[in-house]
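Read through the structures below before going on.
Two complexes follow with subunit A in common, the first pairing it with subunit B and the second with subunit C.
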Partner chain A sequence: MNKRILKILIFALPLPVILASMFIGPSQTASPKALYNFIFSNSLSPELLQSVLFGVRLPRILLTFITGGTLAVSGCSIQAIFRNPLTDPYILGLSAGAAFGAALALAFFFIPVQLSAFLFGLLAVGSSYFMARKNKNVSIISLILSGIVVSGIFTALLTIVQYYTDPFKLQSIVHWTMGNLHNANWSKLQSSIVPVTIGITVLFFYRWRLNVLALGDDEARTAGINPDKDKLIILVAATLASSSVVAVAGVIGLYGLIVPHMVRMMFGPDNAQSIPLNFFFGGMFLLIIDNFSRTISGFELPIGAFTMLLGAPFFIFLLKKTNIGWDK
Partner chain B sequence: MGQIDKAILVRNLSFAYKDTLILSKVNTDIEIGKLSFILGKNGSGKSTFLRIIAGLLPYHAGNVYILGKENSKLSVAERAKIIGFLNQQHKAVFPFTVEEVVLTGRAGYINFLPKEKDRRAAFIALEKVGITHLQKRIYTELSGGEQQLVMIARVLAQEPKILLLDEPTAHLDFINQAHLLTLLKKLTNEGLTIVSVLHDPNLAFLYGDDFLFIKDYQVIRAPNNTSSWSTEFLRTIYQNNIDAIPYNGRALLIPNMN
Partner chain C sequence: MGNKTVGSAFSIKVTDFRGKEIGLEKPASRIICLIESGLSGLYMLNAENQVIGVSSAIYNESVAEQYATLDERIKYKKLPAPGNWDFISIENIVALEPDLVIIWASQTEAIQAIEEHGIPVYAVFLKSFDDVYKEIKDFGILTGKNQRADSLINYTKAEIATFSELSKNTSPKSVYFMWSQGLLETAGTTSTVNELIELAGAKNCCTIDQEHVVINKENLIDWNPDLIVMWHNANIDPGDILSLSEIKHINAIKNKQVFEFPSVFLCDLWTLKFPFAVKMLAKWCYPSKFETINLDDEKNKMFIELYGKRGNNLIK
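Showing the complex of A and B:
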């Protein structure tokens, strides 16, 4: 398909997809048929319809869209600055850290769940980065390895929290880690919107610089930009945005890895183009996946499991395809 | 103060990696508008010296003046407008097109997004190197020789006054080596100052205007009439016997291993 048409589609489709998603879900109150009845025969209580549509479904849809877009944009930026197509916030341990933070808060009520998830997510990414850093250099392989180690540590700590907590709290922890878009509401959306907006705006402005940074530190520095400073700004922005969506939406594994690759396959690696495309495509695609997970069976499937099952084979495929820089 | 009539002026420069001394009280200079080569044995500090001038390695003893300005006082963006640097080997990860790669050379002029004048500068750079036909090609799919030309175009898009190259011929076949050095010669004739590390003294004497040798932590300027006939001088640099074989009024240098 022509790239330009595809591009227009990606920017234009989210709105109809969002509107269509409003009428997908278990409640028969707001099915397409109900909408038809509402418009043409006025047989339904508008209050009920309104509460299903605007109280339950719309916040979930918007949260899903923003989560998908944010994870994709963060993944794309992180891949560019680390010159590493095999990384994303999840690989860097963000989700494991956030899950532990959430579990800690759910089990002991020290601080709000979202805040705790956010802080531990940030801590995990920071640890992975500094563990992998050697002589001001972060290699592809050591970053993945340190991400594994950091994820492992936080997963172990999560297990300990789960072991010591009572069954009721355990249930909410397990639900949280499976991805919990079904709990979406306006206040969750509200709590994440400010950090997400800040993070995404910064990444949007830095989108062309990602191309410069993707060529290497020496190449960036001698062409006139300070790679240390820029990479730190981008890493903090990406982590800020993605940890605040993970904090409300739960673990959505490998999503930030897959989407940037799909966008790159469609439009090439120019980040000046692909950052906005990642946001819209990433948002729309997660919404479509979520619609499937809501309707494929009688009860809802956890979306985190869905994206993980989709992402894992993709990661292996990339691993086989990517034969660059393992020695560096 | 540094002199403005020299491209690069080095005064009492010393440098060490942790415990390993690389350069000790180096004094030297590089002329404007010439093609200068830095030669010496492996590990003598050629790349280190070049990277110090490029602003990639901070130094703590001595001074390096770039067109009269102290190097360490230049900001990254200021330096990029004077000095362009080409690394020994470049590994790209993402399949950028050639024009996207060349455009990144404009980073020092661009706040957030490239403008029309940046795209024009990138295209002019492609023209100078003679690779406009590669513009839309994928960089990672090009041959080593073509990639090297793209990276030279990228540095030229930066519009530097001084161009530093670290062993630009290292991964090229011998025809491409000659192509590249001819291009460097042409660029100096158009007014650019070029300083390049080079392994092969044959190529250096064939194309160069000025020669600097690094030995025993020092940068030594070749005596005035040094040419490919000066085997005695080269023997002291490379610490090996070197034969000069006459060819068309010049000499070809071959290491004598007996």
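Showing the complex of A and C:
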């Protein structure tokens, strides 16, 4: 398909997908047939219909879209500044820190789960950064290595919490780590919207610099950019945005890794274009996946499983169809 | 989980929930019980002196006080806890030299490791109240307390038979059961909770054929239950559920019919205490029909019947 048409589709489709998603769900109260009856024969309780459509579905749809878009944009930015296609927003320990924070709150109820996940996610990334910092410099290799170590520490701490908790709380912790979108509501959306907006706005305005930073530090300095400062700003923005969505949506594994690759395979490596495309494609794709996860059976299946089951075949398809040169 | 039989040399034989036959030459006198509800059964059988190890869950806040009342060794934390429902220490178990280990059937690797040391293992998996009766019957055989086991089972069955006659209902109320993990975690039709609801003369609004299931909020709105019944929850109470705006139009919320079981120990559905939970639920569902039932009296009577003289300490 022509790239221009594809690009138009990616910017134009989210709104129809969001609207269509409003009519997808397990509830018979808000099924297309029930809605038809409501409109033409007014045979349905408007209160229940309103509860399902605007109290349950809409906040979940919007939170899912924002989560998908944020993880994809953060992943794209982090891959660019690390100059490494295998990194994602979780590489510096964000997911492990957030999971530990959530587990701690679920097991001991000392602060709200969402706040705890957010704070420990930030703590993990901050720890990775300061552990890697030496003589006011932060090398990418040191940063990734310290991220792996910090992830390991928080994973170990998570195991200890799981060991001491009871089966009920353990189940809650496991469900949280598999993706937690089924608990979406307006207050969760409200709590994440400000940090996400700040983070995504910063990344949007820095999208041109990502291309220069992706060339390497020396090239960036030649272009008049301070790479250390810019990388720190981008890292903080990506972490702020993604930790906010992880705190409310749980850990959705590998999404921030594979979606930027999908966008790159479709449109090439220009980050200036990729940032907005990642947001719209990432949001829309996660929403489509979530529509499957909430309708395929009578009960909730974790979205974390669906992202890979549905995302991986599409990823492999793109991998086979495009030649981006990673094997050279 | 295939059927396996032991040789005829054993005078005591039972088949556990894996379908495996357990054989003992004499009643077990050194038991490690890694199941909290199972331990409760052993105390009901007056077999506490045969217990030498318990689950670490016994020392958790939610049940520690009651078990401390039943056994001074637990009160002073002198009864070893070599594992729980998930993790076990083989070294500690072997060092205690038990002649029987009682453990959840899902702990397959732990069971294999214990059995490799020649220690008999009775594995438990409870899906219904009949399973609870079987467990106590088998415990009675394994501990040499057969008569006490029969007496406990007869008492509980009689309680249920009397009550189920009273609670029969032609237009049962619908109940949504909420596990302590959160609003959307409920029990399906293949669960002890489903039996509990039906014995109380109500119906489970979740008809999904699973023991534990995570549902969507839309399901809950569609089911529109008359009552929401919470398992004991240390973090949230009925007031929190009543304040959830997204479900404010369902009957249970509109009519303020949200209730919480007050204690894990008192209402444990995996012990012979389950009739008390049945009575409590029935009273919530049909308050006028069961207004003569005094739950405090019922609780006191149950503790004395099930735990004997030590039941008085629980009442206090």
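One rule holds in what follows: the second predicted complex is superposed on the first by the 281 of 328 C-alpha atoms of A that agree within 3 Å, B and C clash if a C-alpha of one lies under 4 Å from a C-alpha of the other, contacts with A are read in each partner's own complex, and residues count from 1 in each chain.
Throughout what follows, a residue touches a chain if its C-beta (ideal position, glycine included) is under 8 Å from a C-beta of that chain, and two chains touch if they have at least 3 such contacts.
Remember, it's a predicted structure, so these values are computed and weren't measured experimentally.
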First (subunit B), second (subunit C), both or neither touched by A:Phe110: neither
Message: Once chain A of both complexes is superposed, is A:Gly224 in touch with subunit B (first), subunit C (second), both, or neither?
response: first
Message: Applying the document's definition of touch, where does A:Val212 land relative to subunit B and subunit C: first, second, both, or neither?
response: first
Query: Where does A:Asn84 make contact in the superposed view: on subunit B (first), on subunit C (second), on both, or on neither?
result: first
Message: Output check: A:Ala272 vs subunit B and subunit C. Expected answer is one of first, second, both, neither. What do you get?
response: first
Message: Quick check on the complex: what are the subunit A residues that touch subunit C?
response: 25-30, 45, 47-48, 50-52, 55-57, 109, 163, 166-172, 175, 182-183, 185-186, 294, 298-300
- prompt: In the complex of these two chains, what residues of subunit C are touching subunit A?
  reply: 57, 60, 62, 85-87, 179-185, 208, 210, 212-219, 221-222, 224, 231, 234-235, 245-250
Task: Mind listing the subunit B positions that touch subunit A in their complex?
output: 54-56, 76-77, 79-81, 83-85, 87, 90-97, 100-101, 103-110, 112-114, 154, 158
- line: subunit A residues touching subunit B in their complex are 80, 83-85, 205-209, 211-212, 214-216, 218-226, 264, 268-270, 272, 324-325, 328
